[in-house]
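Please find one structure pasted underneath; my questions will follow.
Labels run A, B, C and D following the written order; every chain starts at residue 1.
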Amino acid sequence: MDTKKNALAPLSALKYLFKKPHTVRYPKEDLDVFEKEGVSPRYRGFHTNDHSKCIGCGNCASVCPASAITMVEADDVKPANKFAKTYRPVIDYGRCCFCGQCVDVCPTGSLQMSREYIHSFHPDVSIPPEEEPEKVKEDFIWRPDQTYANNPGYVRTPDDLLGKTIEFERTDPREEPADKRKFSFAKFVHTYSKEEAKKEATRCLGCGACVEACPNQLHIPEYIRSIAEEDPEDSLKWIYKRNPLPLVCGEVCTHQCEEACVVGIQGEPLAIRWLKAYSASNVENYLEVVEEKMEKPNGKKLAAIGAGPASLSFGYYTKLLGYDVTIYEAEDKPGGAMMWGIPKYRLPKEDLMKDINTILSLGIKLKTNTKIGKDMPFDKLLKDYDAVFIGTGNSKPMTLRIPGEELPGVMQGLTFMHLVNEEKAPDLKGKRLIVIGGGNVAMDVARSSIRLGAEVTVIYRRRIADMPADPEEIKEAREEGVEFVEAGVPLKIYGEKSVEALEYAIASLVPDPNGGRPRPVVDENSPHKKVKVDYVVAAIGQHPNLDFLPEDIQEKIGFDGRRVPVDDFGRTSVEGLFFGGDLSNKRQDIISAIGAGLRAAKGVDMYLASRK
Amino acid sequence: MSEWKDLTNFFRGRSFWMLHYCTGCGAMELPPTMTSRWDMERFGVIPMATPRQADILLVTGYLSLKSLKRLIYTYEQMHAPKWVLGFGSCTINGGVYWDSYNVIERLDKYLPVDLYIAGCMPRPEAILDSFKKLRELVEKGEAKGYEKYVKNYEWYKANQDRVLKRTKPVLQKPEEVTRSA
Amino acid sequence: MLESVEKKVEELKRMNLEAKALGDWQFEVLVPRERTAEILAYMKATGYKTFIHLACVDWIDDQEFELVYNLENYDEKAQALVKVRIPRNKPEMESMMSIWGLCQVYEREIHEFFGINFIGNPNLKPFFLDEWLDIPPLRKDFDTLAFSQELFEFKEDESHGIKAPKRIEYK
Amino acid sequence: MELRPLNESNTNDKYKTYELFIGPNHPGISGNFSYVLDMEGHKIANVTADPGLLHRGFEKLMERRLWTQNLALIPRICVPEPDVNEVAYCMGVEHLAGIEVPKRAQYIRVIVLEMARIAAYLFSFSGVGGATGLYTAPNWAIGDRDYILDLFEWLTGGRVYHIYQYPGGVKMDIPDGWLDKLSELLDYLESRLPEYDNLIFKNPILQKRTKGVGYLSAEDAIENGITGPNLRASGVKWDIRKAQPYLVYDELDFDIPETGDGDAFSRFVQRRLEMEESIKILRQCIKQIPDGPYREKIPNPFQFRVPAGTYYSKVESSKGEFGYFIVSNGDIKPYRVYVRGPSYSAGLYYALEAMKNMRIEDVPVWIHSMDICPPDFDR
């Protein structure tokens, strides 16, 4: 470069006198730089929020480095889905630094930024200075809506998910392929490895949407966080605060939480269930880790009937409070539905016993082979104990109420599963088996029968999409070779000594005007089908069996044959009598039963404390 | 008399001399605004080095306690009529430094602000827009922050003293703080 | 890793110091307080002539301050982080002004932000802050949010004028 | 090297010795920063630096925020060239977390850094003009810088604070047609360089004002921790991009220009020459940038933990070595981050020596020739 002094050189700038200036005319004139008129197409200006998509999870508020976002309950919006909240972000533009991190973490993509950026405010001179913050606040804090939506700037597009901060892809645990697993009762979903678990756990945003969806409100974000910190023991500590059956829930929970998971809105939800299984299976001795403080024995005695999840959870939490608990079980092994209803390929019995033994090792007495009403009168229980908890669940199966039902070869779902779990199931090799029903029990029956070598068809009276069973279960059952018949209504079972054929009609589905599941209607036009079959298993639901209760008590508690009405703490109108589990729950699954047991434990504690 | 006032306001609004006192990062967008690309001289706004000749005090963003003190000196040296423009989030409610121990939270507690501009930092267009808005306000005789300052001087002074003339630790911690003079 | 870094690390290890490479071109060496001046002078004599910065880390759990002298060697293209730990309850350190005059300002800064006294530094007057009376602000036990809430009179939950939703409390 | 004759001062005369504040509100000083000068007539007898007017307590604030939340905060440390903060911080975090950055992202980072360098140099030209009374220079340089900002805005969505880097790469890919626009801009800038030479560097007035002012020897520069173009203008061939290449600088061909006089003028010329090199680097990047992912996946902000460790990551900025000393204890927040601003040693320490016996009118020239940027040492 030539830096020789030259007095004339600067004068060369004079040529610009005659050039067109590049000055931008009065504000917001087109810069002529970008494809779109105005500022950059990626400009980070004021926010827009699509209220019909926003779920109020509050991730934007937690990520904001300037603490500019507050979630405020809005009464003029509708929740976007059944787990969504009606909180909406309100943004303080006296804090916002327009970094766009809120847009990056928005799991629904509803929060975006526009290309609008001009806003100013003049406080009137008549406002006293001490009231000025109020006025400024009114002007600079607002709830973003669709006002600027026609001028989008920094937005997250569905095809550009990688560029943003949320990881939408799930890490699936290793699984046996369908053609291999259908011959074995071994558990086919492997537990996460350390790396897989960490990778999956680090996807969690920590918003807690899952907590509200969980029937038992586990501390889900907390225990996932501990897994991300590679500390399964701390994680288990969090789980144990509300769930004493971590491994069972880790393997067979109905995982409502995953349906609510906000990551699942645009991607795949977190595998919360598998993460729980990871932390439970990586701890050898739960009690050493959990370090729950046990209160001193207070000398009061409690009885629980039925050693299912509700009673076990009730027993665990009351034992911690210092009560002396005895659980009565009619079968020879504890576990109830977990033991007899759930097939081994989903929940290995040793995993179940690991959980149960931990609970029993606290000093809870278990009396097996003791059927209340038969081996021991119920009145004696009421007299001997300070309070009685009943968690016997649904043990009376519903019947098909069609001709031919009494034939040998027609079984009820639960009975069938009991036989399978006892390894006393009939030889099904090469036999044809029809399962009637669409719940999880139906799936268990179908998939167990496949493993026993049968050809299985599931007949359900509505569409597959309407089945109450987990979609995963249905998918896996199909992979394993289970046939499905939609809209099939069984009419008659033929056979002389045993079942030979089943006749069913294909119903027409009448849509429900309220948006619920469609109603199957069978009329004379419906096509009828008859298939050859060796076994028919009806898995169409169960009812509670409270026959062991004296009739006056049954009447007093208001038992209607389906459900026992109870309050939040499992209390009934009979003093000292508590109910929980499938007997009283709206949702009939393990985690709800555990929740009911926990709440009843609190209820008992409150009841006995007040009686003192 | 009122016509005379209107006339003076008309001219005042067309010749803002702004104090080129760049307090925070908002100062970074001032050079483009001042120079050829956005050229604020079109609106009669030019930078001026001394407070005594200036009409507008730009508070271009956050104010540390140290510069707040100097800003107040500067403001008090300016002759009325004078106006204060608060740039960006930091002057409105603390901005990204909301939890900082050395950055004030709200400018309006210490000085009367005539116009707040949103943005972090505001684009030159937003700055020009605010100058235009200020001109309208001045022409209508509505921007009178300096009168407010005089009227509520005690209130402002008390706030200023509170943060600038501390005599005891803010957080009353029991530990002895060892410092040499 | 650069050869020069490897050699230097070995050399420092032979001097009974804990040293390890942190990257391709940088290494750290832990020095006891009484040997700091000696080691720094040695480093300067062996080519680490440029003083990049002096930083302080408050290890409150260990009740120690860690001073990090960052030196650069332009000839060997290497960078050294010389770390010295001093007890937190007696925050004193010798000034390294005689080796690098530049240390004077860094020590003044650290005195202000961490409250460490540098023996031999004549100018430890307030630097970045005016009239600071509280705990030195960069110490871990200083709560900047509480301080600013107190001094600038705002409350976090009320600052937006709207009540924030509370997460449900479980058990 | 000669100093201009100074008037012999009469110390008995109280009007001859006085205290003079330069800054914080002074057009000759860059940013909000102040020197207190003890004057003897026109001669400076003693200097005290008074920083802290821009102190925001970044290092404390960063300890309170998540690793990635800090990305919104740190560009504000050095306002004229914010990208070096983001890249240096991200490089440090990536080193500690063991994240491999895809090639394309590295190229994008180099492009961003070099554009920022050119923008910062142009900004410093405007400072030169302002300090010496050449008011056409700011108008030109800031105007041209704005074209770079336009491209930045297109790429990142922000004019000045880009918040574009992310541990593992960059936030968004380069949009279609952006690289063409960039090479058009480079052609334009190249055509403007001779005009800047004519306007600024060949200008006899500027040469008279800056030649021989603020002489800095190579030894002094090394001793006082002065880095970057100022060091190179003193004859030390030290450029982190060459010596300890980060990103893909080792795949790019560029020179370190030599001026080697060590005075204010040579520092200005050094910057002007390095601009040419930056343009050269950018042209190579446009040609060589590979296809592929622009970002490595990392956990979401709430779960992003950096393994425990310490690292000092540095970037050659337009002002010198910009370093981040990062200490992590394995948590979701940094344990400690120390920011080494390149202007620290020159502005707070060396200035006190260099300005002694200087004439008052040379102070702005000296400050702008050292390109002192107060926010980076105030933090």
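Keep in mind that, in the parts below, contacts are C-beta pairs under 8 Å (C-beta built on N, C-alpha and C of every residue); 3 or more make two chains touch, one makes a residue touch a chain.
Everything numeric here is computed off the predicted structure, so don't read it as measured data.
Taking the CA centroid of subunit B as reference, the farthest chain centroid is that of A.
Contact tally for B-C versus A-B: the pair with more C-beta pairs in contact is A-B. Taking each chain's centre as the average of its CA atoms, subunit B and subunit C sit 36 Å apart. For the pair subunit A and subunit D, the distance between mean C-alpha positions equals 53 Å. Note on chain placement: the centre of subunit B and the centre of subunit D lie 28 Å apart, centres being C-alpha means.
In subunit C, the positions touching at least two other chains are 128-130, 137, 142, 144-145, 159. In subunit D, the residues that reach two or more other chains under the touch definition are 52, 55, 57, 60-61, 64, 72-73, 140, 143, 161.
Listed for subunit B are residues 36-37, 66, 93-94, 96, 98-103, 106, 109, 120, 123, each touching two or more other chains. Against subunit B, the residues of subunit D that register as touching in their complex are 24-27, 31-32, 52-57, 60-61, 64, 72-73, 76, 79-80, 123, 126, 138-140, 142-143, 145-146, 149, 159-161, 375.
Across the interface of their complex, subunit D is touched by residues 22-26, 28, 49-53, 55-58, 68, 70, 72, 74, 77, 79, 81, 100-102, 104-105, 113, 127-130, 137-138, 140, 142, 144-145 of subunit C.
Residues of subunit A touching subunit D in their complex: 1-7, 9-10, 12-13, 22, 31, 33-35, 39-44, 62-63, 65-66, 97-101, 104-105, 113, 153-154, 160, 162-167, 201-206, 225, 228-229. Taken together, the subunit D residues at the contact with subunit A in this complex read 65-66, 68-73, 134, 136, 140, 143, 150, 153-158, 161, 163, 166, 171-173, 175, 177, 195, 197-199, 201-204, 207, 265, 269, 272-273, 293-295, 297, 299-305. If you check the complex, the residues on subunit B that touch subunit C are 65-66, 69, 93-94, 98-106, 109, 162-164, 166-171, 173, 175, 177-181.
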